[in-house]
Amino acid sequence: MPAEVKGLNEECGVFGIFGAPHANQLTYLGLHTLQHRGQEGAGIVTTDHEEMHQHRDRGLLAQVFKNQADLEGLLGDTAIGHVRYGTAGRDAIQNVQPFLFRFHDGDVALAHNGNLTNAVTLRRQLEDEGAVFQSDSDTEILIHLVRKHIKDGFIPTLKQSLNEVKGGFAFLLLQKDRLIAALDPNGIRPLCIGRLANGAYVVASESCALDIVNAKFVRDVQPGELLIIDRDGLHEDRYTDNTQLAICSMEYIYFARPDSIIHGVTVHNARKRMGKLLAREHPVEADMVIGVPNSSLSAASGYAEEIGLPYEMGLIKNQYVARTFIQPTQALRERGVHMKLSAVRGVVQGRRVAVVDDSIVRGTTSRQIVQMLRAAGAKEVHMLIASPPFKFPCFYGIDVSTRAELMAAHFSVEEMRQQIGADSLSFLSVPNLVQAINVPDAGTAPYGGLTVAYFNGDYPTPLYDYEAKYLASLNKQERRERREREA
Amino acid sequence: MPAEVKGLNEECGVFGIFGAPHANQLTYLGLHTLQHRGQEGAGIVTTDHEEMHQHRDRGLLAQVFKNQADLEGLLGDTAIGHVRYGTAGRDAIQNVQPFLFRFHDGDVALAHNGNLTNAVTLRRQLEDEGAVFQSDSDTEILIHLVRKHIKDGFIPTLKQSLNEVKGGFAFLLLQKDRLIAALDPNGIRPLCIGRLANGAYVVASESCALDIVNAKFVRDVQPGELLIIDRDGLHEDRYTDNTQLAICSMEYIYFARPDSIIHGVTVHNARKRMGKLLAREHPVEADMVIGVPNSSLSAASGYAEEIGLPYEMGLIKNQYVARTFIQPTQALRERGVHMKLSAVRGVVQGRRVAVVDDSIVRGTTSRQIVQMLRAAGAKEVHMLIASPPFKFPCFYGIDVSTRAELMAAHFSVEEMRQQIGADSLSFLSVPNLVQAINVPDAGTAPYGGLTVAYFNGDYPTPLYDYEAKYLASLNKQERRERREREA
Amino acid sequence: MPAEVKGLNEECGVFGIFGAPHANQLTYLGLHTLQHRGQEGAGIVTTDHEEMHQHRDRGLLAQVFKNQADLEGLLGDTAIGHVRYGTAGRDAIQNVQPFLFRFHDGDVALAHNGNLTNAVTLRRQLEDEGAVFQSDSDTEILIHLVRKHIKDGFIPTLKQSLNEVKGGFAFLLLQKDRLIAALDPNGIRPLCIGRLANGAYVVASESCALDIVNAKFVRDVQPGELLIIDRDGLHEDRYTDNTQLAICSMEYIYFARPDSIIHGVTVHNARKRMGKLLAREHPVEADMVIGVPNSSLSAASGYAEEIGLPYEMGLIKNQYVARTFIQPTQALRERGVHMKLSAVRGVVQGRRVAVVDDSIVRGTTSRQIVQMLRAAGAKEVHMLIASPPFKFPCFYGIDVSTRAELMAAHFSVEEMRQQIGADSLSFLSVPNLVQAINVPDAGTAPYGGLTVAYFNGDYPTPLYDYEAKYLASLNKQERRERREREA
Amino acid sequence: MPAEVKGLNEECGVFGIFGAPHANQLTYLGLHTLQHRGQEGAGIVTTDHEEMHQHRDRGLLAQVFKNQADLEGLLGDTAIGHVRYGTAGRDAIQNVQPFLFRFHDGDVALAHNGNLTNAVTLRRQLEDEGAVFQSDSDTEILIHLVRKHIKDGFIPTLKQSLNEVKGGFAFLLLQKDRLIAALDPNGIRPLCIGRLANGAYVVASESCALDIVNAKFVRDVQPGELLIIDRDGLHEDRYTDNTQLAICSMEYIYFARPDSIIHGVTVHNARKRMGKLLAREHPVEADMVIGVPNSSLSAASGYAEEIGLPYEMGLIKNQYVARTFIQPTQALRERGVHMKLSAVRGVVQGRRVAVVDDSIVRGTTSRQIVQMLRAAGAKEVHMLIASPPFKFPCFYGIDVSTRAELMAAHFSVEEMRQQIGADSLSFLSVPNLVQAINVPDAGTAPYGGLTVAYFNGDYPTPLYDYEAKYLASLNKQERRERREREA
């Protein structure tokens, strides 16, 4: 049950709170607001400063917490929670976070958003040295690294371990009496701090989760930071100074909630500006502008406003989830698409329609949208994509880690247009994307402090375990560009 | 789990199909598209022209049809289906439709959208004459009426029975070899006919359910019609000529899907016109226009377009359903509201906001919206309602049958404004509502062929069982108006 | 999940209680003790003298009452309950009893053990007169008969109706303020009355259900009786005087719990005497006697005691229920049998074994038992059946209503022995069966007040709906015997 | 849902099979036969020699394997399975076996019956060296020990590890291409080998699990053995020569199935002999002998046969599981006992009854049985226990690890008799117990190769982690006896 019609999935959302009555309820509220970041599993671990309590399961939050008792058993004023996206793994409940590890010298819980790029190598080394893993998740590596040198003390060995793991990560750790947050050296995944009226600290993947618990936004967690929250308050520390902001641009384009503010930028506003700049870059002649609900509505209204065309509801999204049972005929399978999205005949019939979408991954949905609109009588269908062509995989936590499935990796824009069946197809340029988002904290970081590797192949970190396979997937031209960039 | 944030609920949706391969799958698709009309139960009955097959249960369609087998057991090329809204009755599964009645001389299935106004009286009479009811539903009355005189033949006695039941109703009946549809004499509930490419007929509450099965819209069922579909095709008949169109205006304002076309009017377009006429009737000074998602977005964009202000996303709706477990403190309960709806601070902060909503029932949601927007920094909040004040109950199938819960029944507009806490509050007038919808089929019917009784107390039928209690709820002025109208 | 290895199923058990605190809990206890009479559904209806409350579902009692709340909602000091055996009918929950019928002039609940022999005829007549049935059950007929003439008063019309229904039946009815019990004119199904220390009356299918609620046995309900229990106590009435005891002999042979006392006879003792008389009638040369668990252990110990051989545990029954998934090979399917029953190699190896079983229905189990014992090394296997050959169907509530499946209806004892593969096969005679049970209340009733029709075709009532098909199933000799008996 | 009325629980059963088509189905059958050894969880891991597959969950086998698909996904011709008894631990599914550990150099699955006596110490050491445990189970220790020195090769390090763990254990391990079985140096838990007609090897806790898959019994696994089964057949190896048979006597007395043959002794026969020797040791004057079903029926029939009294069914066990919801009154709670066991009034009334039971743990059940029989009219009730007084805890896998709950640890036989309310109370002596079982393999091992520590405190191994607490629980006399034994 993916959140959106597009087959693009974030890997997780995290939420933590220290020292607040009803921490279980507040964490539930926070996770609910982050549900768009992961729908395949959810969990909460709390500490009452004596014992730690866990509840987790596969499915949406509302399926995981079915009964009052599921929440009530989570005692204490301090908690971390997690919503998870993940392929249906083997015996998957073991992979649902937060993980809770029991040790004779103190339990530790762990929740993670992101992806480690050297996980395979590290796990192999650890296993050779005696480690027994309980999940298929890269997340678990951190705790094995920490335990290996636990005699040096928890925080020192944690800092050391955070320097060993590579990639994009936002970690929350919970111990009996403290909550710890750590962000990767490029700040690829978002993470922010808030504060309740009673002084309790909250940490969350997106600021919308602060709003719902009535926490005041304090600041974004910065690359390389290690924050420790305990009874004495917030201790700001770092595990590395070798940092440079490169937050994932897809958070602004697609993943984050429109009301979240990330590094000072309201997501809805960034999207609206993408639409406006797209209108300047690619104005089309049409009778109306429509957006693909829900993630593209901001960009579509920006496009309409800038170009001066009416903004209409030409596509509607069915808010109810449906199971598509194996359908016996091709015709029936095609009908199945309409269970998520429908064209509004009374709006588009006989009209020239400019459709704004946020991105194209496989191209399947775009083709169906064009077909749907034409079947509803649209005279012309112009596809306008409010981001650049998605050509290169993500290794930092988005579920696109091979090029095989990326339409733009294999076809030119004109070829894509033909396959999609649109009358025209246009994309926003990388510079305009950077300008639309315009991260104030960016400083001198390349691409305005954003990761735009999905569009140009310029990754902010080495790729480690993924390097060889990635290189093999590049064509000559791309390989040349990469060499030049690295020179 | 109501579909929308407002506490206003339709009573049902129906779908029927005769002579199509995979009738079970097509009916499932059709019901999925009608899910917004009822989320508390669903079912399908099919006939393979030998036997009839039933599957039904409480909950959303996706909960009722959990396994492939649930659908596969529904053999045959002919089916009727139902989605149900209803208060959690006693042993509620008995109340989930379609009902399937087994008789030695042939089984009959029955699905119903609407509400009978003389159900209590009829049931009492029937019980005194020996009838044993199996549900608490008014729907079941029809079959008892039919069986009482079954010796006169099924169709004649059905016609007779349809003249005995009063109120708003759209009935689908299924027998071994035919599908029957009947609409009340005022056509209060919508019902339309479509046709598949193979010639099979489809009947559905809304045209969006025709679209998803790729059926071509044929026409709306007319008041007083009795349609019989069998192997020889569609037989058009009537059970009464004493008819006059008075379709429920709330279908256009709130219930129906934006892409449905009812009596020639696309719902989205009607709503957009309501927004435009509201802008002419009540222009406000503001920096932007926002809509309450999802049902008010059309009206809001119409308002913005007409008045020339930017249309923004100032409120967002969480697409995930959440359980709100009993929350221990008032503060937490208030947070719970935000699980459905959030204000976008980055959009509204420091701005004058014109909020367009489709209607006000209890006023609770409106008050919360105003609070939410102010908490997010809005400088002014103007509430603009794209329908007239909802003052009188509905007895034809909307879940508002007492005046007690209707805010506008008890307070003036200014009093409502104060309670809601808005800077201004305005409603669309009845004439503008009628003009915005503008039903082409209306002929000389009052109010352009619409039921607008919710706004002015002028009901298209006598109230029968409800009359006494309703009268008692009126104030002097209302009673006088009623007498004048009836004179 | 049949209770026993044999495919022979009782149709139900009933329990009622009037005026006892915790009636819900007591009824649950009572039904638990009657669970062997039906495992496919269970339910309880209570009255708090204002309203009636119902909970029922498919499955074992422990599956139907899963949560504390399921029982707690059943308010009041008066209740009836039911455990059901029944083929998995269509939408089967509608067939689970007690039924609860809602009427404007007072609700009625109904629970039934037995089978009506004129149900088809009565239902057809009722439907032609307007009745709408909600279940496939014959039980429901009673309420339709009662309602048809309800103007004559409830009790008079109930008496009239009890004279219209034919067959074997024990009915419990519950109204707001009274509990009613009625037994068929031959008392074919058992039903007894008990009394709690506080004076509250209890009615149950077997006395073991009185024991568990600590009720003192008062007496068996007699054929033709109509008992009414209300605040004024127990009112003893009759609806007919045309009665003669013919209690089902299979209750003693197989169905009832060993600790139940029916018409003065402890079931275990009757079974032990069957074993003893079988030993006198058919002594065998063997090294030990074993019983087929659990229902034949009493008879086996009687046989062993009488003949002076050691009584051993040569077969054991697995107390855990197993699902037998479709097994891919014949060998695996045969293994499946052993999931219920195993031979004890260490006991039977190299020995001559006398196996006592209570009855043979299809013969399948007997053949498997012989195979199993031989595979475990038994030198000789002698099958001794503690009842006569089961040749004729039951129309009064046992799940054997056609002759097709009855081995003894088609084969001689010697043919049966060969098919089963035993070294010898012997049955108890009808006179010895009658003598073993020896009902004190029998008076001059034929066969000592027992129904032994399963063994000799001499039914205590006309067969009505079943007559024609039954006659067709008889062979020449049987038809002649029947004519002679009826002459 | 304990199997028996007594609150005494075995910790587990294991089953393994190598190289048999339908290994999943055969393992399911095997586990079904071992279900009495554990009802709180079950699982199967298979290997198809490429990958390993796992399915496990809490509950009975029939609850764990609900759908055909649960079993079908377990591909391959080689499997291990487990049924588990265990207190409802935290997040208990993690504690359900077989465990499956994934390593880059090959997966390992693990199933265990028994209890390690130095688990706490080992786990603490391992955690200090970096180990991260995933369960609360002592079983997991073995894999951490093995991985710590994995570079020395799997089998050598496994042998080393088996020498480090102490207590009673029967381990099954599964790798991609082999199945490994290991038994503790005292053979405290039973484990045997069988062979299918096709040559495939089977290993199981009890021989009844060989029977159901049609495997021929080969031999019991001997103390200290390490058996490796692969494509080349069975490799017999040992990890220690320091062994001495001390099989748990409670397996014969109570746990094992009557049809199992352990070290050459059929369990039913051993029990029958216990009954006979008990009759010689403690003959009583009575009218009949009855057994407490089901586990004491063998001993009871032995007692009856030896003493020459009739063996009767005076108590019956309800074969249906019931939930006992919190019962509001003491009277109701007492009724709850009868849900499992009932006295047969028609048998015991006015008679002197000799009741044979296998053991007394807490004494609660015995007291209830006496009460029940007296309430049913028994004139005298003599309790005869077919084992010695249970005075000392078990540290090898039976759920009795503190003395607090053992009635015989605190009271003399006469005090126990008074508390139970019996007319007399007698126990079998240790020498007679040893003689009744009479293990042929015992050689010169003390107590005929049995662990009888529960009766005399003479444990076959040091107690390690349990030593201090155990010592503290002894009284002066017991401490003196212990010192003398150890001297």
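Structural remarks
Labels for the chains are A, B, C and D, by order of writing; each one numbers its residues from 1.
The criterion applied here is as follows: a contact is a pair of C-beta atoms (placed from the backbone, for glycine too) under 8 Å apart; a residue touches a chain by one contact, two chains touch by 3 or more.
Note that the structure is predicted; figures quoted are calculated from it, not measured.
The set of chains touching chain B and also touching chain C is empty.
Averaging C-alpha coordinates per chain and comparing to chain C, the farthest chain turns out to be A.
If you average the CA atoms of chain C and of chain D, the two centres end up 37 Å from each other. For this pair, chain B with chain D, the centres built from the Cα atoms lie 62 Å apart.
Averaged Cα coordinates give chain A a centre that lies 50 Å from the centre of chain D.
For chain B, the set of residues touching two or more other chains is empty. If you sketch which chains touch which, the chains form one closed loop in which each chain touches exactly two neighbours. In the complex of the two chains, the chain C residues touching chain B come out as 54, 56, 90-91, 93-94, 100-105, 123-124, 127-134, 136, 140, 143-144, 147-148, 150-151. Against chain D, the residues of chain C that register as touching in their complex are 3, 22, 25-26, 28-29, 32-33, 35-36, 39, 60-62, 65-66, 68, 71, 208, 211-214, 257-259, 261, 265-269, 294, 297-298, 301, 305, 310-313, 316, 318-323, 325-329, 331-332, 335-336, 338-339, 342-347.
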